[in-house]
Amino acid sequence: MGVGEVREAEGYRERIARRAAMEIEDGMIINLGIGIPTLVADYIPREKRVFFHAENGILGTGPSPAKGEENPMLCNAGGFPVTLMPGASFFDSATAFAIIRRGLLDMTILGVLEVSEKGDIANWIVPGKRVPGMGGAMELAQKAKRVMVLTTHLDKNGRSKVIRECSLPLTARGAADLIITDMAVMEVRADGLYLREVMHPYTVADVIGATEAELKIDGEVTVFE
Amino acid sequence: MGVGEVREAEGYRERIARRAAMEIEDGMIINLGIGIPTLVADYIPREKRVFFHAENGILGTGPSPAKGEENPMLCNAGGFPVTLMPGASFFDSATAFAIIRRGLLDMTILGVLEVSEKGDIANWIVPGKRVPGMGGAMELAQKAKRVMVLTTHLDKNGRSKVIRECSLPLTARGAADLIITDMAVMEVRADGLYLREVMHPYTVADVIGATEAELKIDGEVTVFE
Amino acid sequence: MAHTGDRFDKVVSLEHALSYFHSGMTLMVGGFGGVGNPPTLIEGILEKGIREITLISNDTAFPHIGVGRLVTERRVKKVIASHIGSNPNAGAQMTAGELEVEFCPQGILAERVRAGGVGLGGILSDIGIGTIAEKGKTKVTVGDKEYLLETPLTAEVAIVHAKKADRFGNLVYDTSARNFNPLVAMAGDITIVEADEIVQIGDLHPEEIVTPGVFVDMIVQSKGVNWRWAWEK
Amino acid sequence: MAHTGDRFDKVVSLEHALSYFHSGMTLMVGGFGGVGNPPTLIEGILEKGIREITLISNDTAFPHIGVGRLVTERRVKKVIASHIGSNPNAGAQMTAGELEVEFCPQGILAERVRAGGVGLGGILSDIGIGTIAEKGKTKVTVGDKEYLLETPLTAEVAIVHAKKADRFGNLVYDTSARNFNPLVAMAGDITIVEADEIVQIGDLHPEEIVTPGVFVDMIVQSKGVNWRWAWEK
């Protein structure tokens, strides 16, 4: 199946992942969260060599194994079997988070429940409803050199997830650097949230209309096909 | 050379070590300090299987290697080449001291500058004169299940090293359990220091006369040949 | 450390190992999403009817996998974990007030277990500063920066899953089943290892050993994983 | 972490590595009694004329061995160590007021280096309570017990000696030359490895790697130990 065909079949999750992959540079150490972030790995061009970090103690995870060739002990942090790249290493959970806290992750790619125009992230608790726990998200959001948030622009009830102030308990303050949704690409800067790109077929007006946060514009807003 | 001959040639250091070895039980995990404590290993009967712990990251050191067969990287904490026993393991210095602080050493055998009747130990600094540093002695003295002190009874100037109150800065308070010198074997109990054995040819009166600390006697004082 | 007889042969029967478990105990378990949870010991806990457990574990796995089974069968009264999302029974029991949950950021949980295991009195961290994770924690200022004081964790019994153990208790793990296991192995007042393979002393290379046997009190032979993984169809 | 070009080939010349060293720097060195001190990098520091070093190291080795040479040649203005007894030059310089020495119990020094390397704000310990080692340290009470607050250590440059490094920087050590090296490897703002053998990525088994390469910035080829050991006649 060629690239064109992939795009034909592409849903919004895949498009977000494809756009996110463009942010990845050769040589990066990256942690991928569960959900849309996991899909990013499929869109990284072969010439960009990256090491994926899994918080359960692997540096250098590779693609999923062929069916029947799984080692049930060799899984990513989401619990799914993985393979290894050359140069991979195993270590305990304390070292996995030493790498994070020491600031050695070039990028972490996370899903969220809410993200604010200041870069505040909420993704671990909906009081009284869902309380999955923070897992490693606090460390990842607080300590990675670059935090990329991938999310649908709206929640199931049609409300903006990109907002002025988070209403849910925070995972980390001022953590997000770039937000990629099914409608737009937005950059968190010191003076506010900037709209950089809109996802085809949405217009700038569509995105501004769907966003509770204040969106600033500085220069051209391009369209991502 | 038979055992009798060894004893013929035996100096006070060897006799202290030989007496100390009698305290060692099968299965123990033991750390040996530099000096007389190092000699103890030579006197442990073969049927008593022990694991020696070295604070530079070895559990299970064995005897010295034959000349010419040393691995300069494989040394004990004193810097001398060692061999390994079956079941030995390597680890970093943090884990070496985790074992100590977690209380997993059954015994540590230390030299001292002074030891008090309360079990206070001073062995790392003579202010203004010698300041070698504490190395691992604070952790060892404070955390081993049993602390055995091996020392000459008197210092070079003929003054007692077993005293009421240490005059030198302490390594650890109330740490010593058993003190073995060239003159006596003494036990630190909650209510004071007890003379248990005298080393041949010394008498109880000799030992009491040479000891600044108060020596209590409870039952028979035996003679160690 | 429990004295279980011969230091040079710590292999015991499952029954003997289970004699150290009791209802109301604190139990620490190595593993992450079920991977590295010791299946045979968990089965034994269920069969022996141990209840009212205070569980320290990275997560509550899945409903029918690993440590998740203890939650599903209501053997746990409190859990200290970083994540319970993959086991809906944990969330439901928590919401119903039947399960007390103390959340801890994952890397801090790892360091708290390690701190207990290596005999530290606590650690200082800035993780969770400015969030509700601060709640109830002492703040300590070092230089001009504020940190949260995180307390060490130990447990009456710690259970781990190793790939291989020699009879002294030296351990190696299986790929990413290492995770919390080497930390948990240090943090038990009694540490019990379930090993897929038990070998003689001297069979493991000194450089390959991850957990020195001095931390281990007992070893039981694993009967292998007795659940289907979530990814298996 | 310094960006030194290709993350997948961190091997550099000794000259390039030395360009990150300067007089007045903080330098952390792995090793214990000289064992595990990186000989080629130490030789390079001497040849380059680096002075006024603040040295963090378990000990000052021996006068003509390893890191001891930096002290003997008066390149060190301050040392944080657990022991200087095997290097009489260190003691003499200290007594003469030419060398500042901060003593730290060995296991606490290891934990302080680790705390710096793993990004903690400090650790609490009861080691040295009731001794002069308390001096100048903040006390923190946890529960009903008092602990000393021990601060993390990092350095501008950390140097370690490995047995093997792959070009990503994954490391294995040689027997007891491991000692402080894996801790020091984490604690450098720049970490430079001297390796006896440099291998290709993929040549080290994932289970045997002690230090993941992500902590390493540069690798230089060792020229081997250039001193006689104290035990050699």
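Every chain is named by a letter (A, B, C and D) in the order it is written, and numbering of its residues begins at 1.
What we mean here is this: a contact is a pair of C-beta atoms (placed from the backbone, for glycine too) under 8 Å apart; a residue touches a chain by one contact, two chains touch by 3 or more.
As the structure is a computational prediction, the values presented were derived from the model and not from experiment.
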- Note on the structure: Label-sorted list of chains bordering both chain A and chain C is D
- chain C to chain D, fewest steps along touching chains: 1
- Message: Looking at chain pairs B-D and A-D, which one is connected by more C-beta pairs in contact?
- Response: B-D
- Message: As a quick test, compute the distance in whole Å between the mean CA positions of chain B and chain D.
- Response: 29
- Once you find the CA centre of chain A and the CA centre of chain B, what distance in Å lies between them? 58
- Query: If you average the CA atoms of chain B and of chain C, how many Å lie between those two points?
  - Reply: 36
- Contacts with 2+ other chains: residues of chain A: 90-91, 94, 97-98, 100-101, 143
- Do you know which chain C residues sit against two or more other chains? 111, 118, 120, 125-126, 175, 206-207
- Those chain pairs meeting the touch criterion are A-C, A-D, B-C, B-D, C-D
- chain B touches which residues of chain C in the complex? 1, 6-8, 117-120, 166, 168, 170, 186, 201-202, 204, 206-207, 209, 212-215
- Task: Note which residues of chain B are touching chain D in the complex, please.
- Result: 54-58, 70-81, 90-94, 96-98, 100-101, 125, 128, 130-136, 138-139, 142-143, 169-173
- Within their complex, state which residues of chain C touch chain A. 32-36, 58-59, 62, 81-86, 91, 94-95, 101, 103, 105-108, 110-111, 114, 125-128, 130-133, 163, 173-183, 210, 225, 229-231
- Item | chain D-facing residues of chain A, complex | 26-29, 49, 51, 53, 59-60, 84, 86-91, 94-95, 97-104, 143
- Task: Flag every residue of chain C that touches chain D in the complex, lowest number first.
- Result: 111, 115, 118, 120-126, 140, 142, 145, 147, 149, 151, 172, 175, 206-208
